[in-house]
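What follows is a single structure, written as structure tokens, with notes after it.
For clarity, chains are labelled A, B, C and D in written order, and residue numbers in each chain start from 1.
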Amino acid sequence: MLKERVLRFSGSARFAHWGHTITFLVLLFTGLTLFTPALGRVLTPLFGSHVTASSIHKVMAVFFTIIPLIALVINFKGFVEWWKDVFSFGANDIKFLMVFPLEFFGFHVEIPPQSKFNGGEKMNSVVTTTSCVLLALSGYVMWFKDAFPAGLVQWCYPIHGICMILATCMVCMHAYLGSFHPGSGESFWGMWKGTVRSDWAAHHHAKWYNEVTKS
Amino acid sequence: MKVTRRGFLKISGISAAVVASGLGFNLEATAAQGYALKLDGCTKVPSICHFCSGGCGLLLHIKDGKLVHLEGNPDNPINEGGLCPKAASLEQVAYSEERPKTPLYRAPGAEEWTEITWDEAIERIAKKAVEIRNKTWKKTDEIITSTGEKKIVPANRAEGLAMIGSAEVDNEESYLLTKFARLIGTPYHEHQARI
Amino acid sequence: MMTKKKVFVDTSLCTGCKACSVACKAWNDLEAEKTQLITSYQSQASTTYNTWTYISMHEKYENGKMEWLMFKHQCYHCAEPSCLKACPVQAIYKTESGYTLIDHEKCIGCGYCVANCPWSVPKTNPELKKTFKCTGCIDRVENGIKPACVYTCQPGALHFGEPAEIEALAQTRLAEVKKDHPKAQLYGDNAMGGTTYLYLLLEDPEFYGLPVNPTVSSSLVVWKDWVQPYGIWLIPLAAAAAVGSFFTTRIINNANKSKGGDLHA
Amino acid sequence: MSPSFGRGAMTNSWQDMMNSECFLIAGSNCAENHPIAMKWVNRAKAKGAKIIVVDPRFTRTAAKADIFAQIRPGTDIAYLGAMINYYIQNKLYDETYVLNLTNALLKVSKDFKFEDGLFSGFNSEKKKYDYASWAYQLDENNKPVKADSLDDPDCVFQLLKKHFSRYTFDVAEKITGIPADKIKLIADTFAAAKPGNIFYALGMTQHTTGVQGIRCYAIIQLLLGNVGKAGGGIQALRGEPNVQGSTDMANLNANLPGYLPYPTNAQVTLHDFAVKNGSVQHKPMVALLKAWFGKNATPENDYGYGWLPKNNPDNMPVQSQFFNWMEKGQFKMLFNWGSNSTVSIPDRKMVARGLSKLEMLVVADIFNTETAQFWREPGIDTKSIKTEVIFLPAAFVYEKAGTMTNSSRLVQWKERALEPLNGCLPDLDMIDLIFKKMRELYAGSTDPKDEPILKANWDYDHDGEASALKVLQELNGYDDNTGQLTASLADYLNAPIGTVSTGCWIYAGVTPPGKNLADRRDNADPTGLGLNKEYAFAWPGNIRVLYNRASCDANGQPIDEKRKLIWWDAAAGTWTGNDGPDVVDKKKGPDTPEGKQAFRMNPEGVGRLFTASYTSGVSSSPVPADSIAAVPVRGAGMTVDGPMPEFYEPIESPTNNLLHPKVQNNPCAKIVSTEFGDPKDYPYVLTTYGVCEHFCAGAITRNIPFLNEVMPEPFAEISKNLGKKLGIKDGDRVEISSIRGKLTVHALVTDRIQTLKINGKDTETIGMPWSWGFASLNPGPSTNNVTMNACDPGAGTPEYKCCLVNARRA
């Protein structure tokens, strides 16, 4: 049983995740060149100039938009399940979030049984998904500002910034939890290889594990 | 961007004079370095507008024989420096690519112009004018006097030559047009004053 | 030292001849653009990177009385400009004479100023990747010559001078014009901390398609005063939490281990 | 204006407009076409002056007006007549002025009549008037008989009163479309605020009744006492940079420089000329001949008078008739200097027909114009056109030295600022080279016909090119005795006949020895009246406000304390003042007959409300049969189509003449076009005009990118009613057609043109600018495809301002 692995993420989901990770990071650093002058002074030289940074930003923006769309087309069912899960926020998820900060800093806590995604992952998914959609939309509005009403364009600047901040915070936490957090180590492999250890799955995502193994 | 490059460089020149500080500008630096004026070092030559009959004064700023800028002459009491859009645009005539570079000749039936020299142009015109003048000279007219008699009187007209003079040229030119027309024998000299 | 200057645009005297637009192009070496008539005798629809000032024309027929009103558009050179606030690279600055200028060495043509100007004045040249707008003819003004538009205006609709003198003139003209045009008002004096270009309008600002009370937009306040200075700290905070967790988890784990506790992984 | 005041020029100056209390701007759209006027009008407005604009369209000038009235094109005389009638009936005229400074009291021949739209003396075959019955009753000294009071039935005032009594406000409303109460408001406003100033330009002249419309202005201003005063007068806003100068220089078939009448074939000798035209023309003619023939002009050979070509008065085409003459084959070669007839002549298809018949066309211009390229207009069979064409690229205004004379007679000198582009030449050098080449070709000829060329005084060389200054000095003239330049106009006037030369006597004094007054740059204005007396040079004799004697009372003192122009300095025994005094003789005081004359260029010395035929200085005793005819002094300027203005419908009109149905149009009009439209097929009235952003035929401005940006295309302005009727929305394309041609342009559907009620019927006006042609950076269809060529009989100006058209959505 110890050696048994369970498939957690399909290829398309992994493609979407890592594709998005890369594009997001590039977008983040190219974008931050314009966020504040101080950041600009530090970051711009990395790309040579604002012009290059902005060109890279625009190219990446296109991939950033296309990648999830491709994944959506390839694995529509998977997406639907994902969303179904992450948007079905239950009592257990709330309980998870309440105790999670303690867990986060290393205290041992009793975690209620979680589905495929735990409350934290759900929150991450919800926030990043929403932010990404808003980032993309507001980004395109700013890119093609002549085609939109001035008021809308103006609001896109703070929206883009807010979403960037939220998404980046989530990315920080998510990256850490998914990699270096002692308790979440296996989840990294889930996204890397697609499969996770059965025992880890049973411990961390009992509800889901039970469903998967029953079927 | 073709023409505007000049303007862009100038403006970047201006802003380069401003040293950035915390807020992005530094007043003292501004005052000390000033803003370069493209008129510096130009000679100013007054002229007169070539459109309506206002006679507004123009002022041409010229450096090394080249027109740098044209605007209203502030010392002309008629316009005191002000100009209408037509006059304000007149620097675009100075080096217009649309202005023909040589005299042009169109042969009978030809579909295009040919470039010719000034000598050739003047020669062709003078020869033709002499030919027509000789061919169409009218020495006398027959008139009926107030008493009803017929009388032969001098006419001295080159009937085949006509001239449309101009309200677009200087007085001296306009005067010479009149003198020229009458000396070669054409009273058929009119211009756009009537239209 | 150059003191603050103001320009008074007396639309009641403007004849819509467009000399200001031509003189601006002539002075600033701006390229002519291909246009077509839009409405009335107006062919320029907005400022562009090659058109820094233009006249819009507004027709009104009411009770058998015709009005043909003119409005000169250009950068207002606000005391508290949105564009300056929006600029991410500090390319926009104010001069002591009150002008708002773009430093083209720094400008990257990002267009943030374009989107945030209440009057949509600055415009980016996509080829040069630089943003352009009226400079107030700073090079002339700093050398003691009136701006090109003011200098050329024959009907006397534009005046340039010291703020007190210009404001007094504006008040006098307003009182005069009010007799025939009850809706006449000054425009710009209260906008954006007070603009360098002060207008006498014969109708409400809406009639000319102008924002009635131009202010720094709330979106810009949210963005520049909240999100940018404070919001951004959430990221390092999150990062710090992760780093903190990295250590605390290990410390606690070690403590637990020594207590003989269990490890998740 | 010349028949009314003695000179045809704008009476005051641009700067002087700031002194006005009221403006009647009618027939001028100065905000568009003379933008500089608005500088000074706005200054007067800021001081409280009222602006009245009458125009077929609500223009950019109208946008600044206190009162605007939309008028049907070509009907000005109807409402102006109503104003005159109102002023006379209600005694709103300035009685002192009318009695002392006009011919109101002079008695007119009892033969004079006006019946059914015609004045006495009409010759229906020649379409001309015989002026005999328009004369004054003369006393034994050949002086007009003066009535005792304005009530005398024979006096000019009573004739005027009777003539205009038909022009009521109601009649005027029916003809013009301006509501009667608005005409009354205009009349009252203009009479109440003095000095009142009238502006007109081509909006008044481009009619078959243009001269008579201007006569209405003259009558109004004389009645109100507004002429000769700062802030008053009539401003003929001339259309081109040097149209005043080119008219002074007589680029016209009926004149020689300085407004000398051109000798006709009946005037065989110089004496014949003098008898016909008076001694006042004799002297300048001699001075001109001396300028032209130098030492070859001697008393023995009549100063070379015989060398001048003589006009055949029965056969003198005005410019718009030139092309018919070419088509008929008379003209073989045309010199065309800076004029773009292919765009600018009404019913313009006749231009290409005419030019095609020439053997050679020479065009000198800055840009390659439509006229120079007429042979390749789209749709023309180029190969079949045998005309040789030579285009000479000309130097632009700032590439050459010389003077131009602005509308207010101000002669301004300019130096060459830039070298001519591409080595092009000033027109001066072109004429010089062509003349010298012709003289070379005729060298050695003994044919008498070649004498004027070989004997001419023609030497303008200076440093290898023709010198404008030398020409200007020829205009100024020289004194034979000293060989020196004439120092002043007075010196010229005082010199015995035959001892001075001048190329244009009214310019005498412009370049006294060692000076060039046209190049004066002192712009000081100590009076604040905008006289700027030390700036450049105004002809005649540097007078800035013409007829300024009228600004003084009977004692020669200024009437208006705020606007002092000149006065009689009794102590010094001379006229003096802020302006140059426009008096017969500076030393003759207000108590002398000469000192009373405000209109010294008229033979009567007064302003002419009625343009009677009159020549001063003719002896009433019969001339003995064997002696030669005596030379009179001065003849009066005549209005060929009547001594008083009368309203006639435009040649193409949508309605009938309400005043005299039998005489619909000006009976003397010169008709050039051959096709005329019926209102049934062409129901709308088209009026044409220029816009601020382009100039005339656009030869220069359509090649200026800045201007093409601010005014990119031609258009047709139509009312919203007409737009609705024809299904045309703002921005649609509209086809405008007349019986003579058509064109398609962008439609501006606007409130600035309203439907008018004319004689009970709705009438639509369409407005179109005319500055486009097929060539240039900004080509566009020419409005003169549709316009009509019929000219004012006095001025020869075509009726561009009204013709009948149809319109449809294109």
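Before moving on, here are some points about what is shown:
The rule is short, and it goes like this: a contact is a pair of C-beta atoms (placed from the backbone, for glycine too) under 8 Å apart; a residue touches a chain by one contact, two chains touch by 3 or more.
Quick caveat, the model's predicted, so the values are computed rather than measured.
When every chain is reduced to the mean of its C-alpha atoms, the one closest to the centre of the whole protein set is B. Ranking B-D and B-C by contacting C-beta pairs places B-D first. The distance from the centre of chain B to the centre of chain D, each centre being the mean of the chain's C-alpha atoms, comes to 23 Å. Note on chain placement: the centre of chain A and the centre of chain B lie 71 Å apart, centres being C-alpha means. With centres set at the average Cα position, the gap from chain B to chain C is 41 Å.
If you average the CA atoms of chain C and of chain D, the two centres end up 50 Å from each other. Of all residues in chain D, those touching 2 or more other chains are 35-36, 39, 692-693, 705-707, 710, listed in ascending order.
Residue numbers of chain B whose C-beta contacts span two or more other chains: 70, 79, 82, 84-85, 88-89, 92. Shown are all chain pairs that touch, namely A-C, B-C, B-D, C-D.
Those residues of chain C whose C-beta lies close enough to touch chain B in the complex are 1-2, 17-19, 21-23, 26-31, 49-50, 84, 90-96, 101-106, 125, 127-128, 130, 132, 135, 138-140, 142-143, 145, 148, 151-154. On the side of chain D, the complex with chain C involves touching residues 31-32, 35-36, 38-39, 42-43, 45-46, 58, 60-64, 66, 68, 691-693, 705-713, 715, 730-731, 746, 748, 750-752. Against chain A, the residues of chain C that register as touching in their complex are 86, 88-90, 108-112, 114-116, 120, 129, 217, 219-220, 222-223, 226-228, 231-232, 234-235, 237-239, 241-242, 244-246, 248-253, 256, 261-265.
Considering their complex, residues 13, 15-19, 21-22, 25-26, 31-37, 39-41, 43-44, 51, 59-61, 66-70, 154-157, 176, 180 of chain C touch chain D.
Taken together, the chain B residues at the contact with chain C in this complex read 1-4, 6-8, 10-12, 14-16, 18, 20, 23-25, 27, 30-31, 34-38, 69-72, 79, 81-85, 87-89, 91-92.
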